[in-house]
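In the two complexes below, chain A is the common chain; its partner is chain B in one and chain C in the other.
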Partner chain A sequence: MTRILFSDKLDNCVAKWRSAGLAVIGPVQEEAISRYAAVEKGTDFDFGTVLPDRSLKELFFPQTEPMLRYTIKKNEIDTADFTPPQGKRIIFGARACDASGLEIDDPLFGWDYKDEFWFQRRNESVIVTIACTKADDFCMCTSLKLEPDSTKGADVLLRPIDKNKGWLVEELTDRGREAFALISEYLQESSEPALPTVVVPEKFNLDACVTWLKNPENFESKFWKEISMRCIGCASCTYLCPTCHCFDIQDEGDTYSGIRRKNWDSCSFALFTMHTSGHNPRSTQSARWRQRIMHKFNYFPGKFTVNSCSGCGRCSRQCPVDMGITETLQAISNL
Partner chain B sequence: MITQERYRTTVKELLANGSIKMAIGYKPGSTPDRRRPLFIRTSEEAEQLVLDSTCVQNLSGYLVSEGLLSDEKRVGIFLRPEGVRSINILAAEYQLNADQIVIFGFDSTGREVRPLDGRSAREFSGLLNELKEKPLQIYKEPLLERIEKMNAKERFDFWQEEFSRCIKCYACRQACPMCYCRRCIVDSNQPQWVNTSSHTLGNFEWNIVRAFHLSGRCVQCGNCDRACPVNIPLRLINQRMANEVLDGFDHFAGLSATQEPVLASFKKDDTETFIL
Partner chain C sequence: MTENIQIAQQNIYKPAIMKIVDRHDEAPGVRTMRLEFQNPADHELFKKTFRTGMFGLYGVYGEGESTFCVASPETRNEYIECTFRQSGRVTSALANADIGDLVTFRGPYGNRFPIEEFHGKNLLFISGGIALPPTRSVIWSCLDQREKFGKVTIVYGARTVADLVYKHELEEWEKRTDVDLVLTVDPGGESPDWKHRVGFVPTVLEEAAPSPDNCIAVICGPPIMIKFTLISLKKLGFDEANVYTTLENRMKCGVGKCGRCNVGSVYVCKEGPVFTAAEVSRMPAADL
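Showing the complex of A and B:
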C-alpha cells in the first residue's frame, strides 16, 4: 500500500502549506512562457508541459541579486549586507532534471566559499519532483545516466496515476516528510498503480564522450570549429540551463554609493574572458563552445565527480540556430 | 523542390569554378519543422541544402563574423528580400563589400518557394523599391493594433511587463545582422556605461538602447524576435521604429549599398537645427 495524493485535494494542500507559512511554487503556464512561479490555488499549476521554458535554478540563483550596499565617504567606506530573502517554500512539481540540477550545483556553490544566497534558499526549500510520463524530442536525462523519475535533489517523489487523478507519494528526506505531514489528512492509502515513466532514448554514449574530451590531443581538434560554426554566441543556452552557474560581480551606482550585485554571466560571450589589455584567450566562438562542453563534461566532473548537465535539453530546444549539447555529444560519440 | 534542386546545382558549379569559396544556406534541423544554417564548401555539403518555406532565418550576420570575408574571396548566401536589405545596409555602413556577396535570392508564399532574379545586391533594387511601397499591410498584426490603441501609461505598463521577463541573454543582439558592433555599448565596461543587471530598469535600458540603435537600420527579418527565449515581441518595437523613419524621413532601410544611414547623416537644409 502506498499513499496517494489525489489532485482534487491539491487546493486543500496548497491552502494548508500556505497557512503553515510555506510559499507554494510550481510549474505555471503564463501567456508568453512557462516557468516555476508562485501559485495560490490548485488550478494555478500546469502539469501538462513537458518542462517549463525556464529552469528551476533561477529560484535559487536569480539573474540579478543584490549583495551589499556601499557608501564611500571621505575616509571610510560603509557597507551593509543584503541577506537572501528568508522564507520556507515548497516547490511542487519540479522535473527530475531540474531538481538534479540543484544537487549538481551544490558542491560548486560550497567548495571554497559557501554561497549563503544559494544555501539559504536550498535549506528553506522542499523539492517535490513529479516523475515524467511524457517527454519531447530534446529530453535526454537518460543519456546523462539520470532517469525521468530520478530522486536526485528531491525531498519527495510523486508518480502520476492514470487520468490525472493524482500521484503516488514517496517521501525521501526528513524535510519532505515534514512538509507532507502537514497534508497527511489529504493522503489516502491505495493500491492504484503508478503510470509508467516515459521512455527517453539514450542519445549518445556519455563515457565515450568523456574519454574523448579528456584526451588533451582533442583540445585543438578541428572538430570544435566545425560543430560550432553556426553558434551566434548568445547566452540563451547557458541562462536557461539548470546547471550553468557563472556570474559576474558588478557595482551599480555612482562614485559615492551603490549596490554590489551578482549577475548571471555566460561563457558564450566574448567579453567573458576579455582581458583588460584587450587580449582574449577565447577569441573565437568555437573556443567558447569548446569551453562550455569541456567544463560540463571534463573540468566540472574532474573537480566534483559529477557532470554539469542533467539532460533537460533546454540548450537544444531553445537555441536560435538549432545547436545544443546533444548534437555535439552525439557527434563526439560517433568520432 | 525545383528551386532547391536548381540552386544546389548552381552552388556546386560556382564552388567548382572557384567563383565562391563558400555558400551559406539551410539544412534540416533536429525536428521536422526546424532548419539550421549550413556552410557549404564542397559538393557533398551542397547535397544537404534545403530550401523551403520554413527557411526563415536571415543568415547575413555570418558574413561579418570572425573575418569570413577578410580574404576578399566571394561568398554565396541564401537570402530573402529582408536579407538582401541587410546586405545593403552592411555595405552602406562599410562592414562588407557588396561585390563579394553572391546572392541566391528566394521568397515564399504559403509553402511555395520561388527563386528571385539577380546575383548581386544591386540587381534587387527594383524588388526592394516595390517593397517600400507596400510593407505596412504585410506586417500589420493584432498585437500591434492593440498596443497602438493604448495610452502612454498603458503602453509603458505593457512593455514593463514584457521586459520584466528579459534575462539579458543578448540572443536578440547576436541574432541580428545589424548588431555587428565589435564592442556593444552594454559590453563597454571601462567604465560600465549600461548596467549589466537584468532587473526591470536594466532590461528597459537594454531594450531601449537596442531599439534606438536599430531605428532606420532594422530590415524586419524577425531574427531577434524568434531568438528571444522568453518570447518578448521584439518585432513590434522594430516595426514601429521602421514606420517612424518611413513616415518622418521617407527612409526604407536597405534600399541600396549607397543609401545614407538615416540617423547618422544630416542635410544642411534640415528644418531642425539641433544637430548643427
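Showing the complex of A and C:
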C-alpha cells in the first residue's frame, strides 16, 4: 500500500503549506513561456508541459542577483551584505532533470569557497519531483545515465496515476517527510498502480563521447569548426541550461552608492574570456562551443565526478539555429 | 540529496577595504600602489594566508574588480603592493585614485611558488615588460632570506628603456654583489646612455648561459616571450619540472565558480596561477 495525493486535494495542500510558512512554487504557464514560479492555489499549476521552457536554476541562481551594497562617504566605504531571501519553500512538480541539475552544481558552488547565495536557497527548499510519463524528441536524460524518475536532487518523488487523478508519494529525505507530514490528512492509502514512466530512447553513447573528448589529439580537430559553424553565440542554451553556472560580476550605481551584482554569463560570448591586452584564448565561436562541450563532459566530471548535464534537452529544443548538445554528442558518437 | 550541505558564514564576494598609502609611476601608463588594510581582521587573514605567487582582485566600487598578482613579497606582509597598466575601466579608476583614497581587495587567491623547495638551489628569474611584478614578489621573498638560496640571477627585458618597471629596484639589484642582473631592451628601444644589453630576452638569456645545475627558473612574461624563452631554457639544459611560470587569465570570481579562466581542464584561479613548464606543456596550447 502506498499513499496517494489526489489532484483534487492539491488546492488544500497549497493552502496548508502556505499557512505553515512555506512558499509554494511550481510549473506555471505565463504569457509566452512556461517556468517554475510562485503559485497561490491548485489551479495555478500547469502539469501539461513535457517540461517548463525555463529550468529550475533561476530559483537558486537568479539571472541577476545583488551580492552587496556599497556606500561611499568622505574617506569611508561601507559594504553591506545582501543575504539571499530567507524563507522556506516547496517546489512542487519539478522534473527529474531539473532537480538533478541542482545536485550537479552543489560541488561547484561549494568547493573550498562556499557560495552562500546558492546554499542558503538549497537549504530552504523542498523539492518534489514528478516522474515523467511523456517526453519529446529532445529529452535525453537516459543518454546521461539518468532516468525520467531519477531521485537525484529530490526530497519527494511523485508518480502519476491514471487520468490525472493524482500521484503516488515516495518520500526520499527527512526534509521531504517533514513537508508531507503537514499535508498527511490529504494523503490516502491506495493500491492504485502508477502509470509507467516514459521510455526515453538513448540518443548517443556517452562513454564513447567522453573517451573521444579526453583524447588531447581531438582538441584541435576540424570537427569543432564543422559542428559549430552555424552557432550565432546567442547563449540561449546557457541561460536555459539547468547546470550552466558561469557568471559575471558588475557594479550598478555611481561613485557614491550602488549594488554589486552577480549576473548570468556565457562561454558563448567572445568577451567572456577576452584579456585587457586584446588577446582572447577562445577567440572563435568554434573554440567557445568546444569549451562548452569539454566543460560539461570532460572538465567538470574530472573535478566533481559528475557530468554537467542532466539531459533536459533545452539547449537543442530552444536553439534558434537547431544546434545543441544532442547533435554534437551524436556526431561524436558517429565519428 | 541535500542534507550534508554546510552553509558558508560569510559572503565570499565581499572585498576588504584598503587605503592607498603610497603610489608611483613605473613606466608610461604603469603604476604601483601600496595598500594597507583598514580592518585588522582582514589583515590578519591576509598575513596568515598570503604566499608569494598568489593573486587578488583589486577594485573600485562603481567600476568593478580586476585581477593582478600581489607584487609585494610574502616577507613583507604589512601591506600589499600591486602594479598595473592603466587600460580599462577598473584600472583607470585605480589610476585616478590618490594617496589616502580607499579601494577594495579580494584575496589572496590561488596557489604559490613553493620557495621552501628552492632552498639551497640557484635561482634564475626571467621576466619581460610588465610581467616583472609577479617575479618581483618571488625575488624579494628570496632576497629577504638570501642565505637560504644559492646564486641569484635576474634576466629582465622590456621593449624600451622607458618600459622597464621598478627602475629604482633594478638599480639596487645591480649594486648588490649577491645578485647577477642582466638587463636588456628590444632592438631600437635603447636610449643613448643605455649601458646594458640590446636584444630579445631569449637571445640574451642564451648569451648569459646560466647553468641548469641545481637551478630553478622562474619565468614570467607575454605569451610570445614565454614560448621562445622555454625553447632557450631547453637548449641550456633546463628540465621542464624545474621551470616555473605564472598564468593570468580573465577572472571575475577568483574562487573557481565563474567559469572563464580555465585552460583546458585547469582552473587557473584554483590550481594556478603558478605552474611548472611541465604542467603548462600538458595544457592544450590553443586554449592559452
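Heads up, the rule we're going with is that the second predicted complex is superposed on the first by the 334 of 335 C-alpha atoms of A that agree within 3 Å, B and C clash if a C-alpha of one lies under 4 Å from a C-alpha of the other, contacts with A are read in each partner's own complex, and residues count from 1 in each chain.
The working rule: a contact is a pair of C-beta atoms (placed from the backbone, for glycine too) under 8 Å apart; a residue touches a chain by one contact, two chains touch by 3 or more.
Just so you know, these numbers come straight off a predicted model, no measurement behind them.
Trainee: State whether A:D248 touches chain B only (first), chain C only (second), both chains, or neither.
Mentor: both
Trainee: Considering only the touch criterion stated at the top, classify A:D112 as touching first (chain B), second (chain C), both, or neither.
Mentor: It touches chain C, and chain B stays clear.
Trainee: Who touches more of chain A, chain B or chain C?
Mentor: The partner making contact with more of chain A's residues is C.
Trainee: For A:V321, decide between first (touching chain B), second (touching chain C), both and neither.
Mentor: So A:V321 only meets chain B here.
Trainee: Check the residue A:D137 against both partner chains and state whether it touches chain B (first), chain C (second), both, or neither.
Mentor: A:D137 contacts chain B only, not chain C.
Trainee: Is A:K16 in contact with chain B, with chain C, with both, or with neither (first, second, both, neither)?
Mentor: Touch partners of A:K16: none, neither chain B nor chain C.
Trainee: Looking at A:M229, would you say it contacts chain B, chain C, both, or neither? Reply first, second, both or neither.
Mentor: In the superposed model, A:M229 contacts chain B only, not chain C.
Trainee: Output check: A:K296 vs chain B and chain C. Expected answer is one of first, second, both, neither. What do you get?
Mentor: neither
Trainee: Taking the two structures together, which residues of chain A meet both chain B and chain C?
Mentor: On chain A, the residues that contact chain B in one structure and chain C in the other are 248, 250, 276.
Trainee: What residues on chain B touch chain A, complex-wise?
Mentor: Touch list, chain B to chain A: 29-31, 34-37, 39, 57, 61-62, 65-66, 162, 165, 167-171, 173-175, 187, 189-190, 192, 195-199, 202, 223, 226-227, 229-232.
Trainee: Chain A touches which residues of chain C in the complex?
Mentor: The touching residues are 1-3, 5-15, 17, 61-66, 85, 87-88, 91, 100-102, 104, 222-223, 248-250, 252-253, 255-260, 262-265, 267, 270, 284, 286-288.
Trainee: Which residues, counting only chain A, touch chain C once they are in their complex?
Mentor: 67-68, 70, 72, 75-77, 79, 81-82, 103, 106, 108-116, 119-120, 122-123, 125, 127, 153, 155, 172-175, 216, 219-220, 245-251, 253-256, 258, 260, 262, 265, 267, 272-277, 279, 281-282, 287, 291, 294-295, 298-299, 302-303
Trainee: Okay, in this complex, where on chain A does chain B touch?
Mentor: Residues 32-33, 53-54, 63-64, 137-138, 229-230, 232-236, 238-240, 248, 250, 252, 261, 263-264, 266, 269-271, 276, 284-285, 316, 318, 320-324, 326-327.
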